[in-house]
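In the two complexes that follow, chain A is the common piece, with chain B as its partner first and chain C second.
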Partner chain A sequence: MPMDLGSFFKRLGRKCGDFFGGFARGDLATKGSYLVMGFGHIRRGQAARGLMYLLVEIAFIAYLALFGGQYLGKFFYGFFTGGSVGTVETHDFWNDATGVYEKIPGDNSFKIILYGVLTICIIVFFAIIYLSSVRESRELERTVLAGKKPQGFRQDLRDLGDKKFHLTMLALPMLGLFLFTVVPLLTMILIAFTNYDASTEVPQHLFRWVGFANFGDILGGNAAMSGTFLRVLGWTLVWAFFATFTNYFGGMILALLINQKVVKHKKLFRTIFVATIAVPQFVSLLIMSKMLTYGDSLEMSGIIVQMVSRIFGAELKFGVGITVTRVCIILVNMWIGVPYSMLICSGILMNIPAELYESSRIDGAGPVATFFYITLPYMLFVTGPYLITQFIGNINNFNVIYLLSGGAPGDLLRYTDGAKSTDLLITWLYKLSLGVDRNYKLASVIGILVFLISATMSLLVYNKSSAVQKEDEFQ
Partner chain B sequence: MRKRIALALSVLMLAALLAACGGKSGTQSDSSQTAQTSGGQSYTLTVWCSEEDQAMTKEMCNAYAAAHPENTYKFLYGVQGENDAADKVLNDPESGPDVFAFASDQINKLIQAGALARVGGEILTDLQNVNSEGSVDACTVTIDGENRVYAYPCTGDNTYFLYYDSTKLSADDVKSLDKMLESAKKQDKLVAFRLYDDGWYLSSFFFADPELKYSVTYSDDLTEKSVEINYDNAKGLEVMKALRGYFASGALSANVDDSKVIAGVQNGSIIAAVTGTWMRSSIQNVWGSNMAVAVLPTATIGGKQVQLNGYFGYKLLGVNGYSQNKGEAHKLAQWLTNEANQTKRFETRGLGPTNKAVMASDAVKNDAVISVVLQQAEYFRTQKGVPGSYWTPMASLTKQFVESEDPATVSDATLQELLDALCKQIRK
Partner chain C sequence: MAKDTVTIRGGMKARRTANAVTTHTVLTLLGLIWLIPLLYLVVQSFRGEPGAWSSTFFPKVWTLDNYRRLFFETQFPRWYLNTLFVAVISCIITTLFVLAVSYVFSRVRFRARRPMMNIMLVLGMFPGFMSMTAVYFLLKILLPNSFQSLASLIIVYSAGAALSYYVAKGFFDTVPKGLDEAARIDGATASEVFWHIILPLSKSIVIYTILISFIAPWCDYIFVSFIMSGVSDTGLYTVSLGMYKWLEREQIQQYFTTFCAAAVVVAVPITALFMWLQRYYVEGITGGAVKG
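Right, the complex of A and B next:
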């Protein structure tokens, strides 16, 4: 349950009171453990535990002194002066002895940010450990005063395998999550507030903090760029909508058809459709993109373009015409995605109680009414959250776009900064960060905006979805 | 028991995460010298070059090791095409290769990122003496008002010219694009010239008019300070009008890439193609002795016949600025681009040399393709100092021609609008 602000501050106040009051009231051992972690533990018979706390404190100080401190200093120096991240540039000099130009390495802005973030996180962790050690020390004082014997180290260890097993279990995954997700994520977010791109490439150059300038550019400050952003965003949303719902309803209709009593060899049909899943998606996409190639003569075109030309006498200008490319991409995506949603829908359809259908038939409902009043609401209820994840997944559906059209066709009059007319935000981001400009700063801004858009939409739609609203009614 | 399993699983998960981070792939080791000679040094050098160059490069490196018996060398090879070598190196220059091949137009961004070691001393003097002026120029940049050399010229043939089937087109036909298209049209065939989706080829039309140009002012660290381009003037419009006419001719195949050109040559729908040396063997396989080559044709722009004029680029070898063995890496790069190895490169793969002695040899002069390339090198523009923002907008400049049913219907106003948008995106 979310805490309201008032009670949060009340709790904070109480904690502060405990912390400082504990110091004032505590005896020498407790007071000492405010300065030397584990002091109280060692004095009161928890030597092993106390030593571990002491070790943590020593390790932390050593880390700051030997490694983290310098990065932290450089990180904040630039941050508060609005200057470059790090101050020493890399130089070349001629070494007569070796006959080559050598490099004198300077500061690496990226590493400063990365290790700065890491150090800040470690400080936060340390603070948590410190506070808990101090709290334990105060509790220990009370325990001893009450004449009880403090818990021994063996018992502590036993607890880790028993009462506190969740801590043991989660320690490693949490460490992994922290190192491989949280720290890189925070670093990447910070890049959005710098001018990191090809011209400030590390480690040769330093980049600097620019505040919200990049956000300003993309949200209106730079008319061409923000126009491009809005166009790409528009197509991303249109694409996500169609990709999600064509697949969803396509799969549902297919599942319903196969579920019909008159259909024989149901398993065979399902297997045939599901077999397409066995082919890796990127293989089928690349083949599709070959088959859709539009060339100047039929012989140079892909098989689908040839067939369309022979049968309908029309040119399928895939990768040249904007609308035709967009429609083709959505259709190909259906071909790839419908079997998945058919699989999911089949399972759910079989779970709809048959009595519902029977009673509706008795009441004289036709197949259409049955679909709209029983099947669809039931499906939406069960698959609402799935639809949301699909929609978000499609906003970030890199594979389909990148492998099918690569964003083509370009359109000089509407798009700038390397974006093309079928680019999604995510493929644009990819081109920005790995393209000519290596525009990491802009890529990071777009990444953040995509997250904000996805998060807002998910929350809004999820709270409005029947799965949440009618949680109790529908069973 | 269950707890143990859970614990084991969580450890496994972390191990998997860690394993995913480690491991370096893509390079194969090939230890050439095993006998350790006393007193010598031991070096490990990583060399990146294209798939096609691998075998040849291995031979050259082994020969280098054999020529320096006092040291022990271990060479690691990575497969990396020159066209996007810079991007791959820039992903992490500090752990990149010691010596790598790249296309000359990438030199600026490599220098900017500190990924190229500057050449100096005797090696530099030698480099400047033996190589052609244009190729040395491609390795040279001006920083702080001083000309500095950052790479070794390797091959000089990164350009495009005309291949044609001499049974379908005469040597006279291919002198002018108008005639060539007319003749192809009569035969219901196509001339492939990638004027859509690729600014590299398209530039040849703008370069035909020496007054149409761009210029970049660089700051001392090679950042583009300002970019000026004048394609949006009246002369640029003439070029667009000429292009419109050629697109409408019905015999120009502009929406092609290498694979489409090969497909078209194989099934006979293409009888002439503007492309580069890398397509030589594929085309020769089909046309055989009927394959002929020629310099780019003339085209009618603004009512006058003008010579099309394209980009001339070089393949360079660079020493990584972060290499641990810079001294040896420089020597190896010099070795790989010396006279003997440029001759070898020409003989094995038909690649154009930059070494003046090799260029002057009879074998090179008598080679139909390379002689056309070198002939064009006289007047083509060296691919250097191109604005970074140039390629993407140029690639879609002719989209309207390909998209519309009849390119002739694209209005002059639209052409001007396209040129304006182009220049606006390139200018800085």
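Right, the complex of A and C next:
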């Protein structure tokens, strides 16, 4: 948890004192390490380690000079003034000698932001390495003064399997996370503050910084867009609520049914239900969507629509009527999700202390009372955090919506920017990222808003859950 | 007096029988509802009549032709091998990454631990798909000639694996620390403790991680459709993307029954694998759910 400001500044002050004081007090080798990384290490018998620091410094300077520096300049060019990202737009150039127009490629705004973010991150990393190298250099001076021998390179390597094993283990996973999650995510967050969409597609055009304009638009500035956003958000929350609770209670009831003493072939029943989890979702959802297709005529419709028509004489207008589509989606989601929560619930149900049931039976409670006074409170207590995780998971449940209805039915009067009436924020984001409706700035704004919703919900729970706060002692 | 007890017992017994009958009826009905769509998929894969829509649940003409067509006249075998390849490689990388990160966060105390865990918690709250436009650009830069390739898919599926360390960390937290300490006193290094002491005890979580990460590429549609959007060589597809295309408006009349056959071919091994390792899956998800 964040430390308070006072102690933060105290620590910062101490660090600065160490840094500058260390420079003033240090001998030539230590002073040299402030400029040439690894200088002190090389002078004091840690040649290999020192050379590696030196190489890092050279590589960093070369990166900035040859590559990163120019992008950094263009990145900040219009950042504070709301100017364009990059300066030269792709344009035609009349070549007198050949007598034709030539395309002169200009700046690629997107690449500028991407590389700008990358460069800033690399500078931060370099600063951390630099600071630790000069700190080591100061410590090395003290070690030598005290008459001890500095640690050799072989021991450094051995440490990677022992004292510093965590660094070895974390290196590659964190590199992957950094390159393919952190940098892209920061880039896309910045895109929310630009006007990047199909009309400013790179590399033909430049886009520019617009501050919070997109957020203003979606939160009320642009009536059509904010109306669409509110409708999609509303359905997303309604969907997440129903999807979470129907699955949770469905799963619990199913688990209670199967766990009863009278049930024979428990394993067989469990296997039947688990089969729907095991089948890949795109298979089970796509076949469901085709069974529910409402076509131009009965012969061109899915089998369920035909059956409903034949048996009840009613039309199941899946993908045509808004409410019926939404209800069907929630029902199909139960088919997909109830077995999953059944698995989780059966495990927990078996852990409910038998004495609780015993005493309630002695008190004369029937099965219904037992459920509401013993089972349900216990389950809610134990699985509270799980419910929230599920809720957030359902907000982001791309598969069920996209593979079942694809967002249909559309409603051009009430929805703009490619959204349809059963779209969730996440499927809308997907549509805005590719295809005819692509609008990257809007997609990024939606991504950030989804984050804010998830973060708020999680904070509510995490603050209450002692398991998280006392994570260290909890083990 | 004795007679009374007998009637009460008899009443209870009757009630129990009634209860048993209702429960079994309800469960059987539910089981049927759950199985019918899957059954439909299987029987349709043997349907002889052409076209997408049928008016009967069971086919009128039974045939194996859809399977023959699937294997000899479509690119499905290629997609299947693509998916298998991507799944195996990304499963190996993901499993190693997840185990490494979760073990370190569970066992080693170092200064950056808390900040890192907090940052990763925050990163995980953004929709995973949001960063894809930038990832697409990055891949284009890193693999200029082949960014729409299986290599890109492997990167997309496994590079961010560290974020899903929670379940495995929860497991490692329950392995007694005394084991490590005893081994350290005997002179084992930290890496020896991990490989020789902890991993052999963690079979269930290793299998859970392998299972989850192997199945993910078979089920993913969103990432593969984005990476491969507009690609001209359909031989690069994975099963989910290729089969999705078969059900689009222009193709469905021709390919619906082939889709069903393909779905059976994809689902049977995955389902079998899942059923076989179900115990580990259940342990994993319940552990994760209870800890939150």
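Keep this in mind: the second predicted complex is superposed on the first by the 440 of 475 C-alpha atoms of A that agree within 3 Å, B and C clash if a C-alpha of one lies under 4 Å from a C-alpha of the other, contacts with A are read in each partner's own complex, and residues count from 1 in each chain.
Note that a residue touches a chain if its C-beta (ideal position, glycine included) is under 8 Å from a C-beta of that chain, and two chains touch if they have at least 3 such contacts.
Predicted model only: the values in this text are computed from it and were never measured.
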Task: Contacts of A:T323 with chain B and chain C, given as first, second, both or neither - done: neither
TODO: Could you look at A:D437 and tell me whether it touches chain B, chain C, both or neither (first, second, both, neither)?
DONE: first
Task: chain B versus chain C as contact partner of A:V382, first or second or both or neither - done: second
Task: Contacts of A:V279 with chain B and chain C, given as first, second, both or neither - done: second
TODO: Considering only the touch criterion stated at the top, classify A:G176 as touching first (chain B), second (chain C), both, or neither.
DONE: both
- [ ] Quick one: classify A:T168 as touching chain B (first), chain C (second), both or neither.
- [x] both
Task: Contact breadth on chain A, by residue count: chain C or chain B - done: C
- [ ] Check the residue A:Q306 against both partner chains and state whether it touches chain B (first), chain C (second), both, or neither.
- [x] second
Open item on the list: After the superposition on A, what does A:S7 contact: first (chain B), second (chain C), both or neither?
Closed with: neither
Open item on the list: Just to be sure I follow: which residues of chain A are touched by chain B in one complex and then by chain C in the other one?
Closed with: 161, 165, 168-170, 172-173, 176, 180, 293, 295, 299-300, 434
TODO: Please name which positions on chain B make contact with chain A in the complex.
DONE: 3, 6-7, 10-11, 13-14, 17-18, 21, 87, 90, 93-94, 109, 112-115, 117-123, 190, 197, 221, 223-224, 252-256, 260, 263-264, 267, 269, 321-322, 326-327, 330, 388-389, 391-393, 395-397, 399, 402-403, 417-418, 421-422, 424-425
Task: Residues of chain A touching chain C in the complex - done: 110-111, 114, 158, 161-163, 165-166, 168-170, 172-174, 176-177, 179-185, 187-188, 191, 254, 257-258, 260, 262-264, 269, 271-284, 286-288, 290-291, 293, 295, 299-303, 306, 335, 339-340, 343-344, 347-348, 382-386, 388-389, 392, 396, 398-399, 402-403, 425-426, 429-430, 433-435, 440, 443-444, 447-448, 450-451, 454-455, 458, 461, 465, 467-468, 474-475
Task: chain B-touching residues of chain A, taken from the complex the two chains share - done: 90, 92, 94, 98-103, 161, 165, 168-170, 172-173, 175-176, 180, 198-199, 201, 203-205, 224, 293-297, 299-300, 317, 320-321, 408-413, 416, 418, 420, 434, 436-438
TODO: Mind listing the chain C positions that touch chain A in their complex?
DONE: 16, 19-20, 23-24, 26-27, 30-31, 33-35, 37-38, 40-41, 52-55, 57, 97, 100-101, 103-104, 106, 108, 110, 116, 120-123, 125-135, 137-138, 141, 155-156, 158-163, 173-174, 177, 189-192, 194, 215, 218-219, 221-222, 226, 229, 240, 243-244, 247, 252, 256, 259-260, 263, 266-267, 270-271, 274-275, 278, 281-282, 285-286, 288-292
